[in-house]
Each structure stands twice: as structure tokens, then as C-alpha cells.
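Residue numbering begins at 1 within each chain, and the chains themselves are lettered A, B and C in the order written.
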């Protein structure tokens, strides 16, 4: 007597909207929703500025971020050094500007690699079901049973030092989340009639997965990826803060916060300014993710 | 027969980001005691909003901007929508059955709790008395094994059974009017008929008025004594059921009746004719008749003059149209 | 309900086994020699000046590191079941003793954080949802948006700078046993707790707010209004319990986030707890400690998730009878 229809299946037109090729009016609607909220606009501007900063770092930075100048160490803010200098006499502003490159580099690389592996795992789980699904879900359960930062810390710490290790660790840390998200999306797309139609005309499993399920599960994935960048940058900063991340003398924001902690009374900006940079970046990407999600499909709110 | 609800010139607008939606724009109707009324129209024509307005259940960004709602001698618009007077009426003298039985019951509360809620609130019953009454009510609406199923949760009931629970809840405090908003749209056809028969029997027995809001002409044809036909936020034709079905006057009503098959009709004896075009956009409404672009009977006057007021074309039969059409 | 709990329990144990296997593999397969720092320590203390390959092999053999991985794992697992967590390679102490000393500190701060985060976030979120659009809602939502982007360690340092150095109200770092000096303990944990609580409350408040707004639009809430119930009754009886269903499901994640945060605050505020123990162990390649701490952290999260699943079943009859 109890029927199973208590959970409303995802509305087909909700997914239909995202699945349709974007027409001109779609883009206009997207832009109106996105730029209609001030926070999303601010997020967009922040992200653009950060990306430009990373690209033009050598032009923007007044000093070399790595060159020591022990005679001018631990200066307060001045006309020459707007944010002062660190314990080795390096200009903090220049280090923050160059740090943008490292953060974005690691952020994009880690998110990209976790997205590919996670998406493949998620698609496979959703598509094949059965024991494949169970196995993949248990593995992601295990990955998620350790708090994210601890998993990343383990891999980065035991894997040796260097930027590639950091990318690997952060990417690995994100795989489970990506896999779950992709799996959930793919499962809901799978219930749509067009997938059934594909099966009815005799398409192979892989073909259905790649041509029907993946493209339709993709837009929400993009939103997830954007939001993941913020998380990965926070993770990188955390690792570097603990001394297990980006090795010195590279200007990493998290490492700068750690270095500056000892010199709080000399120049608090040494530790506090890089933190503001981290927050801006994370805030920017979070807002862009939120905005894109709302603009693609408000119903995804809560799902992502 | 005495009128228990008089609605005059009701206007409910929604302020959306796309513009002002005039969902209900000057609707008047009345309901007599013990009557079964049909409120008919396409989805989006404002029929649900009309009754939600009467119940004062309109949520932001919607707002009742004008009109009079006289219920049982009281002017409801004088009351705050969530004030004590309105709360005393809602759920007791005036109740509602919603369209979606699947989602209209709270999934985390037992059926018992949800039925007894109104009883405790409006009839001051204690837990035990309310529980017994709830079981009685469930038996009355035909829930089998009511005494044990009363402690079940909604997900353990089928759609039809849940709608019976909704009916039991609506009846629990002996209301004067029950509004049923598309009560059978979400259940299958056989259950539909059972539910409608049940509602009809119960309201006749209890001398309660029933308003059936639906887009399904078949539903009202059988049960309603009087019918209001709505289009684009207004009532465009009203009258006794037999007049509406026997001698429809408004081009829209005529079109509606042409587009649905009738029971017992010989196959192929009559061609089904769909109404061309789309319902109007409620944001940019022209001052003229909203049905004009789709109308096959239009005359020159329709283009020039505003949407006509209702005029009598027979005993209790009104239309809002300049054209005189006689349909057989 | 009982079968449901037993099923969750079995799954939990399987996941915990998977976690320990995973960590075991990390330790042995990732580049990095489990004996590296051990050798470094001995060298530093002047006991062994040079360590030849034979010496290395001898130690590998002594610690059983030359056996196949699965054999090592089974032996370790057997030891764990008998209550032996192993002996630290670096500092030579019994890992069980180390953990017994440090876990209570992390658990103490973690529990306080959990209570503050959950209740603070739930109250703030419900309040914002009920008064949405008000200036208080806007303020809390803005703080929540920013709070989610603040790195825990950075916020901790900011608090040290402001309340420790500039205002001098609270101690900069360190740990005081609450049973010996309760007020001293409170003074020492205010800043660490605050630095994690900001982000925690922010995330929770955002989630609760959006769940409440979702529930407020639900059909059954409209039914409740149609019954003539007062707003207070509708909120308490019909909205909160439904809104809490998705909130409860993330509480396991909250526990994880708090444990993750402990790594940072224990570093920033020099608190000798589990997080600090694990970080230094990772830093030193002290693999016995790493394995044991990972087991404990994973166990706590999995156990919390089990509790969450039970609470979920209790809240949502569709799960209970599903």
C-alpha cells in the first residue's frame, strides 16, 4: 500500500532547460539573472581581477618576490613597500601578487584532475549500477570518512614535497565529492525519456553515457567545479600553512601567513594581508559558482 | 437558498520581476448554502488564486488589491490574513482540499496528528476525543481499517487514500464551504470518480457548500449545480450547469465544449475542434477582451471597446461578450 | 528500525576497514621512506653517525616493513583488535598512550565546537528565514557568506593579534587542564573555539536558512495555514522538523570539519591534541602514529555518521519504515 512516489522525481523540464542548446535569449536570461544580483557581479569582478593579476604579475609587482634583502627586513608599510617587507626583506605586496599565480595554478590543476577522475567514476557508478555502483560508493565513503583536509594532509605529507605533490593531494581529496555529484546528476538525467529513447534505438551503453548522460549532467558539474576552486585554494593555503604545501621560497599565501605569525608585533600585515587575498579569491569563486547555478537553474539550489 | 459567500470585484495581483501579473482582475461570484459550484478554466486563468484569495492564503509577492469578500455576514477583507478572526474561520467554517495529495500532507507527522490538529484547535477537543473523532472521520471517507491506519504516516497511504484524508480533514469541523482545488487531477481516473462521488454524498448529507475548481469540464458537468467559467483573470460566463452545457453563449465556453469529447457520443458524429492560439500573457493585457485574438465570432466592436461587463442572457445566466451567439 | 541500524553499523565497519587500508597503502606506496626521520633522529642524537644499507635493512626487518603489505596490514589489524596501536618510530613512545593523553583535549574542544556550531547555526538560520529581508537577516547572511571564505588558521592569528597582543585580554596560546584550572582553561580555549566556530556557524546558518525557506513554500505548510493554525505552531510543528531532515544529514560532515579545523587551531594555538599529533607525525613520517590517528579520526567520523543516520530515521518516517 505504501507507494514509493514520496520523493518527487526531478522535473523533466528543469533539466530540459539546461539540456537545450543555449539560444540567444537563453544567454540573455542567464546574464539578466546573473548580473541581477550585486553579490554575483562583485564575485565576477573579483575573479576577473585575480586572473588578470596572475597573468600580468611581472608587470604589476614592484619587486622580485624571491630576492632577499636582509638590510631592509621587517619594514612596516611605506611608500616604497606598501605592505612592508618580511623577515628576509622581500616585498609583501609583490609576494601576494605572485602568490595569485601559485594559488590559481594549483586550484585549476587540482580541480581539473579531480573532475576528470571523479566524473568518470561517477558516470560509471550511475550507469552500470549493481556492484560497480556499490564498490565506487564504498570507496568514496572511505575517502570521505577522513575529514577533507586530513586526507589531503596525509597524501601531501607522505608523498614528499613540491607543487606537483600538492596538486596530486588536493586533486585526490576532491575525487570523492566530484564522483558523488556526477553520479547524482547522471542518475537523475538517466530517468529522462531521451535516455530511454536512446536505448530504444539500440545505442550502446558507452554511447548513451557519452552522448546523452554526460552532456546533460555537465552544466551542474561546471557549477560544482567553480565552487570547488575556492575550496582547493583554501586547502592549498592550509597545507602551506602547516608547512606541507608549496615549498619555500615560492610565494604561497598560506606559507606567508605561517611565516608572518612569528612577526605579528613587527608587522601584522605580513601574516594578515595574504589571508585577505585568500578570502577574496575564495569569495569571488564561490559567488561566481552561486550565480551561475542560479542563472542555469534555480532548482539546483540545495542540490549543489 | 441563502448566499453564504459573496465575492465582489476581487482583484489579486502579483508583483513579479517581469511586471505586474493581474492573476485575478475583477471577479465576482456568490455561493449559496449546500450548493455545488464549478469554477472552470485553463491553468493560469486565476481560478485557484480566486479561492486562495477568499481564504486569504495569498503569499508574497501576491496581494489582494481590491474587492469585497463577504462570508457569513462578515467582511473578510477587514481581517488581517493571519489575524485571529481569519484563523478562526480558516479550517473551521471554510476549508480547502488541495490538488497534490502527495505533497499536501506533512510527511513527518502521523495522519492522526494532522487530522486532530483542526479538531483540537477549532472544536476544543482533548487529545483522546479528537483521536476518536479522527478515526470516525477516516471511516466516513472510506479509509479501510481506520482505527489502526490512523497512526500511519502519509507515505504509507496511496494517492487516493491521501486525498480521502484531505477530505476528512476538510470536513472535520463541519465547515460551511469546502474549496476543492483540482481535487482529482493528481489521481487516476477510477479513483477520481470515487472521490467525487464521496465528496458529493458528504456535502449533500452535511448541507455544506462545495466549490470544485477544475480545468476538467467532465468533472463539473456531473456534479456542479452552477458553473463559473474563468478566462485570463475574469469570469466570462456563469449560469446553471444545464444552461452552460446546453446553451453556452460565450465564444470561449463554446470553444471549450467543442474541444472535449462527450460521454455516449457516437464516434465520429462530431468533430473535436481545438481552440486556436495560446492563453494571453497576464502581464501585458490589452484593454480589450482577452479572448479576442483567439475568438472566431469577433465583431468590429470588440476591437474598439474595453472588455465588456457581465450581462444577463437568461435566468441566472451571464456572459461577458458583445456578440449574441446561440449554440445548439 | 533495528535492522536499519544494524545494516548501517556493518557498512560503517566496512568503511572503517577501507579507510585503514587506504592509509596503510599511502604510507607504503607514496614516495617517502618510513624510516627516514627515525634515522635522522638517531643521527641527531649521535647514536648512529652513518647508516649503511645493512643497518637500514635491519631496521626494516625489525619493524616488519620488509614483509608483503597485506601481511603487515593483517598483523597491524590484529594488534589493533587486541588494543595495541603500535610504537612510535620517531619518539619511541606507545601510540596508545599518546592518543589517550591527547584525544580528550581534541574531543573536549570538538564537543564545545559542535554544540556551538549546530545550535548557533540552527538558531541563526531559522531566525533569518522567518525574518528574511530584515536587516538582521541581511547582516547574518553577509557575515555567513564572508565567514565561509575565512581560513581558520588566518582567523585564529587575527584573533591572537587583536585579543592577545593588542588588547591583552586573553592568553596567546597554550593548553590548561580544565580539571585543574577551569577558568584558565576557558580563557585558553575561547580564541581557538572562536576561530573554528565562525566558519562552522556560517555554513550551518546558510544551510538552515535555505532549508527553512524551501519548507516554507511546501504544500503541506499551505495545508497547515489553511487549517487556521497560528504561525508559531506552523513553524514549530510543521516547518522545523521537516527543515531539520537535510540539516541532520550534514552533521556528520560538521564533525569532520571540526576535526579538520582542530589540525589548524592546535597548530596556531599550540594545543597538544590529536590534530597536532597527526601533523607532526606526518611531518616526521612517523607512520605508526599516522595510522593510529587516521583510524581514530575515521572512526569518529564514521560513528558520527551512524548517529546521523539513526537521527535521520527518527526524524523522517519515510526512512524509518522504508
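Just so we're on the same page, contacts are C-beta pairs under 8 Å (C-beta built on N, C-alpha and C of every residue); 3 or more make two chains touch, one makes a residue touch a chain.
Note that this is a predicted model, so its numbers are computed, not measured.
K.L.:
Between what two chains do the most C-beta pairs come into contact?
P.N.:
Greatest number of C-beta pairs in contact occurs for A-C.
K.L.:
Which chain has its Cα centroid closest to the overall Cα centroid?
P.N.:
Taking the mean of all protein C-alpha atoms as reference, the closest chain is A.
K.L.:
Averaging over Cα atoms per chain, report the distance between subunit B and subunit C in Å.
P.N.:
Their C-alpha centroids are separated by 54 Å.
K.L.:
Starting from the mean Cα coordinates of subunit A and subunit B, work out the distance between those two points in Å.
P.N.:
Roughly 50 Å separates the two chain centres.
K.L.:
So what's the Cα centroid distance for subunit A and subunit C, whole Å?
P.N.:
21
K.L.:
Enumerate the residues of subunit A that touch no fewer than two other chains.
P.N.:
Where subunit A meets two or more other chains at a single residue, that happens at 2, 6.
K.L.:
Would you please write down the residue numbers of subunit C that are in contact with two or more other chains?
P.N.:
318, 321, in rising order.
K.L.:
If a residue has to touch 2 or more other chains to count, which residues of subunit B qualify?
P.N.:
103, 107, 155-156
K.L.:
Quick check on the complex: what are the subunit B residues that touch subunit C?
P.N.:
55, 57, 82, 86-92, 95-96, 98, 100, 103-109, 117-118, 121-122, 153, 155-156, 166, 169
K.L.:
Quick check: in the complex, which residue numbers of subunit C touch subunit B?
P.N.:
Touch list, subunit C to subunit B: 218-220, 222-231, 237-238, 241-242, 245, 315-318, 321.
K.L.:
Could you list, by residue number, the parts of subunit A that touch subunit C in their complex?
P.N.:
Residue positions touching the partner: 2, 6, 39, 138-139, 141-150, 153-155, 157-160, 230, 234, 237-238, 241-244, 254, 257-258, 260-261, 264-265, 268, 271-272, 274-275, 278-279, 282-283, 286-287, 301-302.
K.L.:
Which bits of subunit C are touching subunit A when the two form their complex?
P.N.:
11, 14-16, 18-19, 22-23, 26-27, 30-32, 145-146, 148-155, 157-158, 160-161, 165, 210-211, 214, 246, 256-257, 259-260, 263-264, 267-268, 278-279, 282-283, 285, 290, 294, 297-298, 301-302, 305, 318, 321
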